[in-house]
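The data blocks that follow each hold one structure.
Note that subunit A is present in both complexes that follow, paired respectively with subunit B and with subunit C.
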Partner chain A sequence: MQKKKIGIPYALYFYEYYPLWKEFLTRLGAEVILSQPTNKKILDLGIRSALSEVCLPVKIFYGHVLSLSEQVDYILIPRMVCIERGAFFCPKMIGLPDMVRSSLQNLPTQLTPIIDVRQSYGTWKNSLMEVGKLITDNSSEISRAFSDSWKIFQQNYLANILEPNLLFKSSIQNNIPKKPRKDIEIPVNIAVLGHNYLTNDSYVNMDLINKLKKMNVNVLTPEIVHPAIIKKQLKKLYKPIFWSLSRKVVGAAFYYFEKKVDGIIHLTSFECGEDSMVGELIHHQSQKYPDVSYTEFVFDEHSGEAGINTRIEAFLDMIRRKKRYEIGLTPSW
Partner chain B sequence: MKLALPRLGNIEVINNTILTDMGHELVEAPPNSKRTMDLGVKYSPEYCCLPLKIALGNMIEAIDLGAEGLIMAGGWGPCRFGYYAQVQRDVLLDLGYNFRMLIFELPRKEGIRTLWKNINILRNGKSWLYMVKQLRFAWQQILLTEELENKVLQVRPREKKKGAASRILLKSIREIKQAKDINTLEQIRKETMEKFAEATNPHMQNLIRVALVGEFYVSLEPFVNHHLEEKLGYLGVEVVRKNSIEAWIAPIMKLHIFKESFKEEKDIEQAAYQYLAHSVGGEGQTSVGNVVLAHQEGLDGAIQVVPFTCMPEIVAETILKKVSEDLDFPTLTLTYDEQTGEEGLNTRIEAFIDLLKMRRKRVNVS
Partner chain C sequence: MKTFLGIDVGAVSTDLVLLDEYNNVVSDVYLRTQGQPIKMIKKGLSIIKEENQGISLEVIGVGTTGSGRVLAGAMAGADVVKNEITAHAVAALYINPDVRTIFEIGGQDSKIIILQNGVVVDFAMNTICAAGTGSFLDHQASRLGIPIEEFGDYALRAQNSVRIAGRCTVFAESDMVHKQQMGYKEEEIIAGLCEAMVRNYLNNVGKGKKIAPPIFFQGGVAANSGIKKSFQKETGHEIIVPEYYRVMGAIGAALLAKEEMEQNPRQSAFYGLELVDKDYQTSGFECDGCPNHCEVIEIKVDGEIIARWGDRCGKWSLGYQAIR
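Right, the complex of A and B next:
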């Protein structure tokens, strides 16, 4: 029998959950096809087919779906509703399968398992099992595939997280050269915050992370902060945030503020509803930490690269000048 | 304590019942105006949705008039509304205001203590019995107000003298606000209905009927939607308003007496199911369901109102394109932001209504 081809659009929540699905589906003997990393063509496809008011990440998701449609038998578009008590995904992710279905025509069959851990049908296990049934009838095999891939997924997730002490001993106590000739020799710690489909998509964020690294910046992301720390930091809020993805961003932001990193860049996408609220919370918090420089970059479908470059440079120059002054060096200008 | 309530349509009718009569000093937020909008827009996060900005404007104006406590509703997502009060508090604190935010929402965990405290502040030492009585009366006031508002939508396109219906409504709202007991409300209802009947031209039949769906605040607040209902009424269109405060509060309270509205909610979900199988928060699924129902009820078209960047309504808007195509049912989406230019809006509404009229003619001929 020919292998079933299942397409996974490499966008939105799949930045986080792709390894789980891939492991699970391959173990069952399906062929998993991941769409290309975002590129001009995918972005254009998405922009052309979505309503103009839809936010950028969803437009990109559309593009990925379309780019897959020719090559696969099925497209996986889970309906992510809730993965922890008291928090949801963004409305657009909850309605995503329906949005895709009503805007795009001639798509392969869509697999839309519901992930809603409050309901018995929506637990990770049951949703994945339901998808598994399409590939094989052997339910014990599906069950085994699930538990194995779930274990691997959890392990990998934890492997990315750095020990909190390690994180700061090695990187934050920066070894500044005694007499830096140029500003760029002063290392700085910058936390780049945002949903992981923005921070990791180097096409959309104009390769921001690598640009920073080239400029001798130690880049910190929300992913390397331990969930327990995030949970603790979130207690600072009057009211718990009810969006799972934003919880991580805000928790990490508060943590980095507390640890006094040199600067924080918050990446948001135009029209993102969560970011508009969360951005305000982080901004409010930033005023309590005058030592930490804070800025916000908004990305939309046509942000010119030069603009971002200028802003990064200006932001870094500002931080480095401050540092020079702090360590008692004469200004370089 | 000097308390204030943000504005929402005619919700001010309950101000006396739940604030003044409970022994609080009432600070009425000035009616929504250009100034309210400007203040709200100036201090809100840029990409927040419009209701947050306007409510923030209300709050600033109320505090400037001396309010010490602000009453606000909350929720638990996924719509942004649930987090409004927190962001507004942060913004107002940053501005250096001194106030207390009284948030009323279904509590979770520690929230129950805050809610208890807030209820006690509102109770202000009066007996529980009295408080319950006042709340029940406030509910009756809201119900009557909405009944009249819905009635006026039918009267306006048929009125003998332009503007008569709106004037009658305005007067009745003022009376409801001053009313103290159920009998007075009954009296107001009777008198207003008589006046409406008098103002109506009975020969106007077979008007174009349009459903008004979409986001709750924008559809109920005339200042924000640029008096859409009145505009449509004067174009000779009967508007069927699908959102109401009643349908918003009733499911939250989950009280037995409101069983009826529950049934309606089920029907709406059922109607939407084929297109949007899961609630997306806010009024997303309701908008889709209501458009399908409007088609089944034989209305001529639907208008969806959306505040710019509203998450649930953008989902609904995307899906409504498909619904409209499938059912051959004209749907117009109007997006509102802080721009106040009206001519573009007028043109779009007029064109849409012309289209509906032409469709009618075509059907009649064939």
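Right, the complex of A and C next:
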């Protein structure tokens, strides 16, 4: 029998959950096809087919779905509702299967398991089991595949986490050359925060992370902060954050402020509802830490690369010139 | 005479400044870019050449800034290519080391820069909308049939101002039409427009920023006395418009070139004032190496490629890079 081909769009929540699904489906004998990383063609496909009012990441999701449609038997579009008490996903992710179904025609069969842990049908296990049944009838095999892949998913997640003290490359803070000849020689720690479908999609964020690295920046992200630290940091809020995916961003932001990194860049997409709250929270917190420079980059369809480059350059210049000043290297003019 | 050259290529204007070794302005040129940055840089340099006829000029450092800084840097042979924020801050700090706030409003973008003890500590630029920038004023001035240079004086003559919605250019325009039809005077409408623009600027670009005096107001729009007055009214502080407000970016670029050459002494990469006689061509092509289809731009001097950029992967990049 031919292997069933299941397509996974490389967008939105799959930046978080792709490894789990891939492991699970492959173990059951399906062939998993991940769409290409976002490129101009995918972006154009998405913009042309999606509703004009939705945010850029959702449009990009459409593009990924379309780019897969000719190659696969099924496309996986889970309905992500709730994975923990008191927090939910963005309404656009909850409605994603409906949005895609209503605006795109002639797609392969869509698999839309519901992840809503408040309901018995919506637990991770039951939800994945439901999809597994399409591939095999052997329910004990499905069950085993689930527990194995769940375990691997958790382990790999934790494997990315660094010891907090290792985050700051050999304590860069005290490592500034006495007389740096060029500003670029001054090493800095910068945390890049935001939903990981922005921070990790180098097409959308115009290769921000690599640009920073090339400019001698030690880049820190929310993914390397231990969940326990995030949880602890979130206790600082008088009310828990309502959105699951934003919890990590806010917790990491608070942590990095406390650790006095040199700068924090918050990435957000235009029209993001979550970020309109979360951005304010982080901005508010930034005012308590005047030593930590803070800025926000907004992405949308027509963000030109020049605009982002100017902001990155200006942000780094600000930090480095401040440091020069602190070590007594004032400009001679 | 040893000099430093600063070039600021913006969306609306191209500015050049020549400073002597003691930072005195030898020449300053302000030109409309009109979508032809190369032509304007050449024109600017030939003006500088003419103005200084009979003086032997030695350019020992060149800095470029503005949204066209990479192009300008490649074309002129710059020693330093810097963003506009740093350039504007440096120029203002040179004039007044105590400056705390800079409002900079240019043709298509606006910025706020917050400084403390002589360094930038915070800044913001307008995000994805050009509302509240020079282009908006230009557009409204031409719609009312008033030369942009007189726009500010109209505002100052007004006894009262009309409240105009400033959030969006399109809404502001329909609001203006409405107020005109209600019979308000032109002066009052223009004054209202200036106030709307300042409100828009302070609520968007200036949101959450600690605005403290001394406040500098620079960029092309600083010519508009109506806007200056509105800023004074809204902030409650004196607004200082520096003498060379239009070319502050270029002054900053020249100062940064000086700083660079002092820190890393070397021969300037400048192609010389003779470059005005050279034939520069730019061309572009779409790379089909991957689905990104980047637009690659090439710049040639007398048929020889001197710089190339625009590709994401870097396989075509040559010479100047947007980010060093």
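Before moving on, here are some points about what is shown:
We take it that the second predicted complex is superposed on the first by the 323 of 333 C-alpha atoms of A that agree within 3 Å, B and C clash if a C-alpha of one lies under 4 Å from a C-alpha of the other, contacts with A are read in each partner's own complex, and residues count from 1 in each chain.
Heads up, the rule we're going with is that contacts are C-beta pairs under 8 Å (C-beta built on N, C-alpha and C of every residue); 3 or more make two chains touch, one makes a residue touch a chain.
Fair warning: this is a prediction, and the values are worked out from it, not measured in the lab.
In the overlay built on the shared chain, the residue A:F270 is in contact with subunit B and with subunit C.
Contacts of A:E313 after superposition on the shared chain: subunit C is touched, whereas subunit B is not. Once the two complexes are laid over each other on the shared chain, residue contacts for A:K59 go to neither subunit B nor subunit C.
Residue contacts after overlaying the shared chain place A:E305 against subunit C, while subunit B stays out of touching range.
In the superposed model, A:R27 makes contact with neither subunit B nor subunit C. In the superposition on chain A, A:Y325 makes contact with subunit C only, while subunit B stays out of contact range.
Across the superposed pair, subunit B and subunit C both touch subunit A at residues 270, 283, 287.
Looking at the complex, you find that subunit A touches subunit C at residues 36, 39-42, 181-182, 184, 203, 207, 211, 214-215, 270, 283, 287, 290, 293-295, 298, 300, 302-303, 305-307, 309-314, 317-318, 321-322, 325, 330-333.
Of all the residues in subunit C, the ones that touch subunit A in their complex are 23, 67, 82-86, 90, 94, 117-125, 127-128, 208, 255, 258-259, 262-264, 290-294, 312, 322-324.
Interface residues of subunit A facing subunit B in the complex, by the touch rule stated above, are 50-51, 53-55, 79, 81, 86-92, 94-95, 97-99, 101-103, 114, 237-243, 268, 270-277, 279-281, 283-284, 287. The part of subunit B that touches subunit A in the complex is made up of residues 45-49, 74, 76-80, 82-83, 85-87, 89-91, 93-94, 108, 111, 275-282, 284, 306, 308-312, 314-315, 317-319, 321-323, 335.
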